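This is the structure I want to talk about, given as structure tokens.
When the chains are written out, they are named A, B, C, D, E and F in that same order, and each has its own residue count from 1.
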Amino acid sequence: MDKKISKIEIITRPRMLEELKEALNQIGITGITVSSVLGCGMQKGATEYYRGVPLEINLLPKIKLEIVVCEVPVDLVIETAKKVLHTGNIGDGKIFVYDVANVIRVRTGEEGWDALQDKI
Amino acid sequence: MDINLILNSMWTLISAILVFIMHAGFALVEVGFTQSKNAVNIIMKNFVTVGIGVLAFYFVGYGLMYGNDLGSFIGFSSFMLHNTPETVSGVSFEVYFLFQAIFCATCATIVSGAMAERTKFYAYIVFCVVATTIIYPLIGHWIWGGGFLAAMGFRDFAGGTAVHAIGGVAALIGAYLVGPREGKYKKGKVKAIPGHNIPLGALGVLILWFGWFGFNGGSTLDITSPLTAHSAITTLFGGAAATLSALLFSIVRYKTPDAGLTLNGALAGLVGVTAGASMITYMGAIIIGVAAGIIMILAVGFFDSVLKVDDPVGAISVHGVCGSLGTIAVGLFATDGGLFYGGGFSLLGIQTLGVLVCISASAVLSFVTFIILKKTMGLKVSQDHEIDGLDNIEHGISAYINL
Amino acid sequence: MDINLILNSMWTLISAILVFIMHAGFALVEVGFTQSKNAVNIIMKNFVTVGIGVLAFYFVGYGLMYGNDLGSFIGFSSFMLHNTPETVSGVSFEVYFLFQAIFCATCATIVSGAMAERTKFYAYIVFCVVATTIIYPLIGHWIWGGGFLAAMGFRDFAGGTAVHAIGGVAALIGAYLVGPREGKYKKGKVKAIPGHNIPLGALGVLILWFGWFGFNGGSTLDITSPLTAHSAITTLFGGAAATLSALLFSIVRYKTPDAGLTLNGALAGLVGVTAGASMITYMGAIIIGVAAGIIMILAVGFFDSVLKVDDPVGAISVHGVCGSLGTIAVGLFATDGGLFYGGGFSLLGIQTLGVLVCISASAVLSFVTFIILKKTMGLKVSQDHEIDGLDNIEHGISAYINL
Amino acid sequence: MDINLILNSMWTLISAILVFIMHAGFALVEVGFTQSKNAVNIIMKNFVTVGIGVLAFYFVGYGLMYGNDLGSFIGFSSFMLHNTPETVSGVSFEVYFLFQAIFCATCATIVSGAMAERTKFYAYIVFCVVATTIIYPLIGHWIWGGGFLAAMGFRDFAGGTAVHAIGGVAALIGAYLVGPREGKYKKGKVKAIPGHNIPLGALGVLILWFGWFGFNGGSTLDITSPLTAHSAITTLFGGAAATLSALLFSIVRYKTPDAGLTLNGALAGLVGVTAGASMITYMGAIIIGVAAGIIMILAVGFFDSVLKVDDPVGAISVHGVCGSLGTIAVGLFATDGGLFYGGGFSLLGIQTLGVLVCISASAVLSFVTFIILKKTMGLKVSQDHEIDGLDNIEHGISAYINL
Amino acid sequence: MDKKISKIEIITRPRMLEELKEALNQIGITGITVSSVLGCGMQKGATEYYRGVPLEINLLPKIKLEIVVCEVPVDLVIETAKKVLHTGNIGDGKIFVYDVANVIRVRTGEEGWDALQDKI
Amino acid sequence: MDKKISKIEIITRPRMLEELKEALNQIGITGITVSSVLGCGMQKGATEYYRGVPLEINLLPKIKLEIVVCEVPVDLVIETAKKVLHTGNIGDGKIFVYDVANVIRVRTGEEGWDALQDKI
């Protein structure tokens, strides 16, 4: 079975992590990789003062979630993420989608579609 | 057995121990308010300062400061404690020396803060030797060792000038000559380089405050005198008042309760009351504290943005400015002789003159030292080393490992 | 010169200095057991508490607490230390005041811990003023200032109730009224919000323990009395026994040697023996310590999971519960008058009544204060601010910078 | 009222309090010089050590160490302080006991450092009980409790052997038997496992130094004696000289001013002068300090690379080696009886013999204890647990939370 | 020379880093980029207790290794990784393979295949 | 409008962050995601000593910048990065280019090319 595999990358506010994770779990996603990144986007950080000197913050703390899925649920993931993250304000985040050439599960040696099926 | 001698010696010994822990305070304040990539370097400088300070004072400094007076200008005898008396100022000689030796290292530490994050380790070590064998003992002799300022009636109870103003001025010269940190002034604009660990810095301030009760309280060398407890209270009030005034002034001026300035405020107040701790009233201490908190913030802004001297921890403003002004304020607030207590202008004049003499001397001596260092071994590390951090380059180690 | 006066004054002065460093301990415990995004806010609150505490006590608190008694209810005189005697309780007035002033700030600090991570900075400041000008001095007057509890024979050696129980109850009211932290109770389930720096928290506990030797040992105000050393030993034993009992009980109950509870255990034991440190035997101290360690863990579970009052550092259980029960335990364990030593129920009754009066008063006064604050300026920061952390929003700075 | 008794009791009480804070120093040094994944475990071990140490000493240790002598070998009486005198050695019994009890826990703490990062929590607890009920009191009896070494004229002023050498040797045995940390020796090559927080480690060293003024200065139990201040100065000089010698030697040997070795250097110097602090001259202290700094570095290299005993914090070299050699050095540097002061070889012989006896006894006793532990409950955690860190596995918590 | 370039992403236990790096070095891989990530997969973290309250850990610390190589050794890298990482237990990790459009070595300006050849 | 979207990944020295960010801003790039990574490349770390024992550092701290752009400016981004980063020394860094299947802006729901246009 040679279905197309995609990676969905969501970059958004750190505080949304819990809620996003739960929402993704509910649509059956179990594999997620999270990293802390610094984002530079349309959103500008509040100017902070340190000892009276302005401190421009143009790198804001963000989280990046990477989710690799088979073709069908890509849209579902995107819709779910949009539902959870959308506030209409700057800083809501961006979603990037990439093609994945292959996936291997080390534990079983399965490849491709099989490697993404959850079972113990 | 003289009971007063024992009591006072005991108190001075305990005070010396309290002053010792101030070195932990200085180290933490410096570490907390600078970048993590230089933390090991700062730690090393602080340990070296203690090591050099006390030994230099033993071999040379004590003799120059408290040895037999030569022309009201310098002491000269008692090196390595040869031929010292059994008791001094009503305490046993040993505790007197201990207290003085631990004081000595403080002066150099102040300089280390202002020059942090870009100064060559070995250059600092050389300066530290000069500061603890010449600068501090010489000026200290004038004030406390029977020199001409003492004769003139100049009053500096616990070292508002002898330690803090002198150290702060040397810090100004050093910070000016070594130049600012990479990225501090970009295209004429001042950039903030935030400290990396505020809780550690705050712990440092509280440890310093704790030790200051020994620094000021111990400077009476006399636990039988009510002045000792009085000094402890003025120390408490000076620090408390300045904490609050710096907090409020930072809110007024920068619209935010600034942590760095509030913590510096506590120190500014402590420095401010140091020169007069035993001579001012409680309200005097509170007023000086309030003023110190505000003046320190103005001074930080002035050095940072106007003079463009880069002082990562605010040592010049805290120690130099508040130390000097606090000593002059003795001429206003001393209950015995101060202007506000009907003493006229004479004490005020003496205090001002004394401070000017001391800070000029400190400025000249440290300027000469740093210029020689700059021309010979160099003061500043290379830009690459500075950007990568002194820890990896000079010490081959990182302060923190997280992975 | 009265030698005893000098000795006792010296001891009280040193004890006051030891109590001062407890503020560093409180700050570190709070910082360590909360999230990193609020560390600066906590530091700021602790500094403000010291600043306000000692000055408020000077201007108002001392007069209400130790001024001339009005109807066994409150003192009223000696504001700003006007017309104070030369000596009090066998020590010089200055050291007496110093010791008391540094004590005063402790009470408010306890509250700061329980309300951490979501309370408005300015609201806390207002409460801190109220606590150190009214709540602590008023109740303190009843117990130590010649008020009706003192007259009744109520015993609280070093402040098990006057400081800890009162502070802990105010903490309970405050934590209840401000409400839990975001995410603490989700869909009826309790979630753990782990502290971000256990080593700093542990350092805080050891610094507190260190200062506690001054807190308890100094409360005799008398170094010539064997009770001073006795109190130091009961302090050591109470802390040690509770450390071990909390450790064991956490293993039994939660199958793991829990660090947070063990560290809290040490504090619970110290609080537990505070009220009776000079009146109980060594075995009494060990038994109270063992009990305090276990009761504290039960109390933490009770407030956290049953009452659903969110107390990030366990201040309510440690100070409120163990302070109250420790004071009542004096009625059991006091060698002179305690139930277990043949004293009958009378002291036990007085202790219980006294504790109830004090914690009720504290509850009412702090409830009124917090309710007014809630209706006017508000107690809790907005959800957004809370989630982003108080440091960035209220102070415009992060505690740690790593990149 | 005997004024000397009060003065000396007061000094001993204050010293005991200073020694107490050394536990914070030990904890921080250990935490700072190990990996972050084991920080909670280390904190827990240090708290348990304090808790067990003081209570074990109360129930058993004191009686064995200072109880009525049986055959110059062990004491046996005064358990739980039954039938103890009112005063001992010119101080009140309570402060004497307090000082001794806090000392006791120190010995076990040293072992904890050398075995850090891989030892089972419960195994350490058992050892800690044995160390504080048997090993330390037994050998301590020989030296300080009226045993045969005391009778022989063996001198150990503040515990260079009784605390440090004994602890260091037990640390060697323990570290050897538990085996090295995962990854320390790979394919015969030594790998460095850097500490994760140098500033905390440095704070620990300064806190230890601060407490050491109580450890050494308090060991006279006599503030009226000039030896007290003398010991404080030798303590200051020993630490300072060793800091500088270790720094210089690390530069010479490893081409870099090594932070870990410099900080260890300070401790090595402090340990080095402990046995003779009251008996050596200032120059003697400086010379011993310089030697200690260098010898410690050689010893660290020897244990690490030649013997391949993995000691994360250098406890064996700092406490074991410098404690032993410092005690022997008393035979060289004691102004009264030392070889260099015309005293001939007799004292040197006694010192050497005494050290050999003590460290052999410590080695045998700890070997037996550890071997039994190894055969029964096991000493080392599983490889998986070690790699994942003791904090998560044994305590279910991480020391730091950053996200 | 226009060979296909791929990126291999390995997500696994942090403690395997050293061994994996050595194994990859041995098959001639020198360029590796490592980051700390948090993983949410089949593996559930042990429930920890904090002050008696259960603390669900469902984000476990993982490492992500990224290795960009030319077509041929992709399989070799995967085989090597599998050999080192396989224990048969949950948590062994996953490997994702992506296509890379281009590679540039900043130092020399080389592109594509050339940019991946190691030489100084 | 269906233009090709690409992701440019730049791995280089941490200290270059500020300068690189400014240069990219000047060519009109506003969206950047930055992460701290550890790099293992041709460059070897200085051997450090810790308590006299050599400490081989073969993972050096690096930063990774990810920039998603539409086809046209890919070369411009690469040229800009090369200009800023090039010193000719080992450690200058590498640039990887990937294809992106889709981009979604959560705030507006825009997809593809539109999601990458900056406007508030």
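Some points to look at:
Definition applied: a residue touches a chain if its C-beta (ideal position, glycine included) is under 8 Å from a C-beta of that chain, and two chains touch if they have at least 3 such contacts.
Predicted model, so just to flag it, every value in this text is computed and none were measured.
Checking A-C, B-F or C-E against D-F, more than half of the residue-numbered contact pairs recur only at C-E.
Each of C-E and B-C has its own count of C-beta contacts, and the greater count is at B-C.
Distance between chain E and chain F, defined via averaged C-alpha coordinates, is recorded as 18 Å. Chain B and chain E have Cα centroids separated by 52 Å. In this assembly, the C-alpha centroid of chain D lies 45 Å from the C-alpha centroid of chain E.
Residue positions of chain E touching 2 or more other chains: 35-36, 38, 48-50, 55, 98-99. Shown for chain B are the residues in touch with two or more other chains, namely 3, 7, 10, 14, 194, 197, 256, 258, 260, 396-397, 402-403. On the chain E side of its complex with chain A, the touching residues are 6, 11-12, 35-42, 58-59, 62, 64, 78, 81-82, 85-99.
Per the touch definition, chain D reaches chain B in the complex via residues 3-4, 7, 10-11, 14, 18, 35-36, 194-199, 202-203, 205-207, 209-210, 213-214, 217, 223-224, 226, 228-230, 232-233, 236-237, 239-241, 243-244, 247, 256-260, 262-263, 266, 282-283, 286, 402. Interface residues of chain E, counted against chain C in their complex, comprise 48-55.
Of all the residues in chain C, the ones that touch chain B in their complex are 1, 3, 6-7, 9-10, 13-14, 16-17, 20-21, 23-24, 27-28, 31, 39-40, 43-44, 46-48, 50-55, 58, 80-81, 92, 94-95, 97-98, 101-102, 121, 197, 200, 394-402.
By the touch rule above, chain B contacts chain A in their complex via residues 190-192, 194, 250, 253-256, 258, 260-261, 264, 297, 300-301, 304-305, 314.
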